[in-house]
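The structure appears below as structure tokens.
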Amino acid sequence: MNNLMNACTDLLHEIKGKNPLIHNITNYVTVNDCANAVLAIGASPIMADDAAEVEEIVSISSALVINIGTLNQHTIDSMIMAGKKANELNIPVVFDPVGAGASTLRNQTTQEILRQVKIDVIRGNLSEISFIAGFKSSTKGVDTSMVDEKNDAVGIAKLVCHRYSCVVGITGKVDIISDGIKVAKIANGHKLLSKVTGTGCMTSALVGSFCGVTKDYYTATAAGIAAMGIAGEIAFEKVGVMGTGSFHISVIDALSNMNSTLLLEREKIDETKY
Amino acid sequence: MNNLMNACTDLLHEIKGKNPLIHNITNYVTVNDCANAVLAIGASPIMADDAAEVEEIVSISSALVINIGTLNQHTIDSMIMAGKKANELNIPVVFDPVGAGASTLRNQTTQEILRQVKIDVIRGNLSEISFIAGFKSSTKGVDTSMVDEKNDAVGIAKLVCHRYSCVVGITGKVDIISDGIKVAKIANGHKLLSKVTGTGCMTSALVGSFCGVTKDYYTATAAGIAAMGIAGEIAFEKVGVMGTGSFHISVIDALSNMNSTLLLEREKIDETKY
Amino acid sequence: MNNLMNACTDLLHEIKGKNPLIHNITNYVTVNDCANAVLAIGASPIMADDAAEVEEIVSISSALVINIGTLNQHTIDSMIMAGKKANELNIPVVFDPVGAGASTLRNQTTQEILRQVKIDVIRGNLSEISFIAGFKSSTKGVDTSMVDEKNDAVGIAKLVCHRYSCVVGITGKVDIISDGIKVAKIANGHKLLSKVTGTGCMTSALVGSFCGVTKDYYTATAAGIAAMGIAGEIAFEKVGVMGTGSFHISVIDALSNMNSTLLLEREKIDETKY
């Protein structure tokens, strides 16, 4: 039995017991799914992005998730204000650099957020994390566009961990989670997840939910990513043949039915030293 | 047979016959569900929040629903402009003070809207309505966080009715509707409704749809709240075991199949004098 | 066998092979459905509306879809900037004038976009296209409100084609596609599509997806409209009896399962000369 996954199941129990409030400053494309994913896993979402209230809202929250999927100047300021306040109050901050590498605005905002806010977890695809690592990236919109070369990805993850003193989660065919020293690879998931918008955003929202009940952000990140991967597998088995609409709904179903048994039975986590 | 529910079924027929246009100024988290709920019950939604058009849009509408779920200064001004125009034209205004009590922005906006716009129906949870009543509230985000003490809730509802000369709908385990004199309690609904984001917002949009065909806002509020509660019960019976994603979709299904027979068979309305 | 539909099936293959990136500047009501429809048909969506990035985003895209469903001054500027950049780079631009005729803001914005941007395809209902044609329109929100007089509609479509040198798609009981000379009528679809918000927006996003792989915008428009109509029929047959929530999801399912066989078997395209 995998120790990391055991720790993940403990966190899932904690979420369901404590029902932490998760503040999301996110995009208008996938915000409904993010809120429902947070609810499904047992936490409570609050979406608020006006500069006039984000400091107050984050102050009553257990975690902050910043997602730059549909940026505008108004929310950029709010993201930084909320992030700084979270730092001040030791509230964990998860950052999803959606589309980093795709436009100057996203690139500069990503760098500005990383400069002004102490981020605890960065969750993105290889293209986005590569951009943060300083590698030339050719993000095709918000999808993974670089070849997922596994060894490179681990190196990139560790580099970003060290540079920003944070946990990094790279999601793809095989997900990579690292705190800079430990590395976990998760082979759960299903390719249909890339055919529904927002599964990456939902994963970040789940990571935020897990961060809301622990200071062990490495485990929290693994838990959020594993939960989504396993939900994708279950959803595909149940309704994959019907199409991507039903699959989308079934992913939320699977998240709402997630429990320790499912996590332990299905986990494909590999924590071999790399 | 309950007279109030008979009146509700009449309004449902009216909606399906008249197909009233319902103007929603609402949040970007649950806006799609609100539009689909309005369509499902037989009305027509229009979402518009720019100051340059809200007065014109509300002028061609049969009701206005104001929801402060994701506030920003831009839409606050639009809410007040649209509300004043609706007042001028005797178009009913439903107000959903999402998260009132949770931040200064929401508190001040709630008070500002109530000061500048004559509201016909306020629909919220006990925490939000308690804030409006002037009670100390500890809103945990947008969920109900106060213990639902039934008798207190009736008192709070009546107090707000009298202060703002409006109908109040407090939704919770047992919903309370009052016009300040009459009080209806509705025991329909299912706890899974709290595990899907936007069921409160959708309820307010339904109340708006019913207000679009009558000047009896007390009955309209009861009808909207009962329709959502009954839809929740039907959805749970059909697909509750599958998870919150399927339940969410099934609630919309049930709203689209709502009819007099279902309302009358399932209603748990109690209008005993309190 | 219909030649036009054969050409449509070729485009569907092209989309699935090339996976074009489709830039959408759209409304917050139906944006999630638009992204999922684009993914379902085999293309890749990117939603971006800030003036600081739309030119860059459109530059890496294969088509631009402009939808004015929830206008504000901020996004109007972005629409025009992105449109001009697309023109400069010969990237096709699809325009969905949601609610044109319903407010001065929508009317003026529609005219401003048509004045400043060379549009390749306009997709709307008869009410919206009539407004563009200069006919008195009484748009009831975003639904079709004029009687669908078929012969008039063809004349209106052709008039708009000539005035703006573009392809026009008018969706309704019978859809009309014209490039000003050729006219196709498509009798696919199901009335339940009008009971789900965003099916029009999704149709425009699909048209954009098809425009991303060809310069034959007439065929691309027919393909996008036929795909949605046929998806509606399939969805109704599968789950129509369950309600509008399930129907909504099943439309996405059907889009994700769309293939040449389904298009050719079910097409009700009539290209008789008018």
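We just call them A, B and C in the order they show up, numbering each chain from 1.
By definition in this document, contacts are C-beta pairs under 8 Å (C-beta built on N, C-alpha and C of every residue); 3 or more make two chains touch, one makes a residue touch a chain.
Every value quoted in this text rests on a predicted model; they were computed, and no experiment measured them.
**Q** Smallest number of touch links from chain B to reach chain C?
**A** Steps on the shortest route: 1.
**Q** At the interface of chain A with chain B, does the proportion of residue numbers present on both copies reach over half, so same, or stay under half, so different?
**A** Under half shared, hence different.
**Q** In whole angstrom, how far does the Cα centroid of chain A sit from the Cα centroid of chain B?
**A** 33
**Q** Two-or-more-chain contact residues of chain A, please, as numbers and ranges.
**A** In chain A, the residues touching two or more other chains are 28, 32, 248-249.
**Q** Name, in rising order, each residue of chain B that touches chain C in their complex.
**A** Those in contact with chain C are residues 21, 28, 31-32, 35-36, 39-40, 44-50, 52-53, 56-57, 60-61, 74, 248-257.
**Q** Quick one: which bits of chain A touch chain C in the complex? Just the residue numbers, please.
**A** So the residues of chain A touching chain C come out as 27-30, 32-33, 69-73, 99, 102-106, 140-143, 195-198, 242-246, 248-249.
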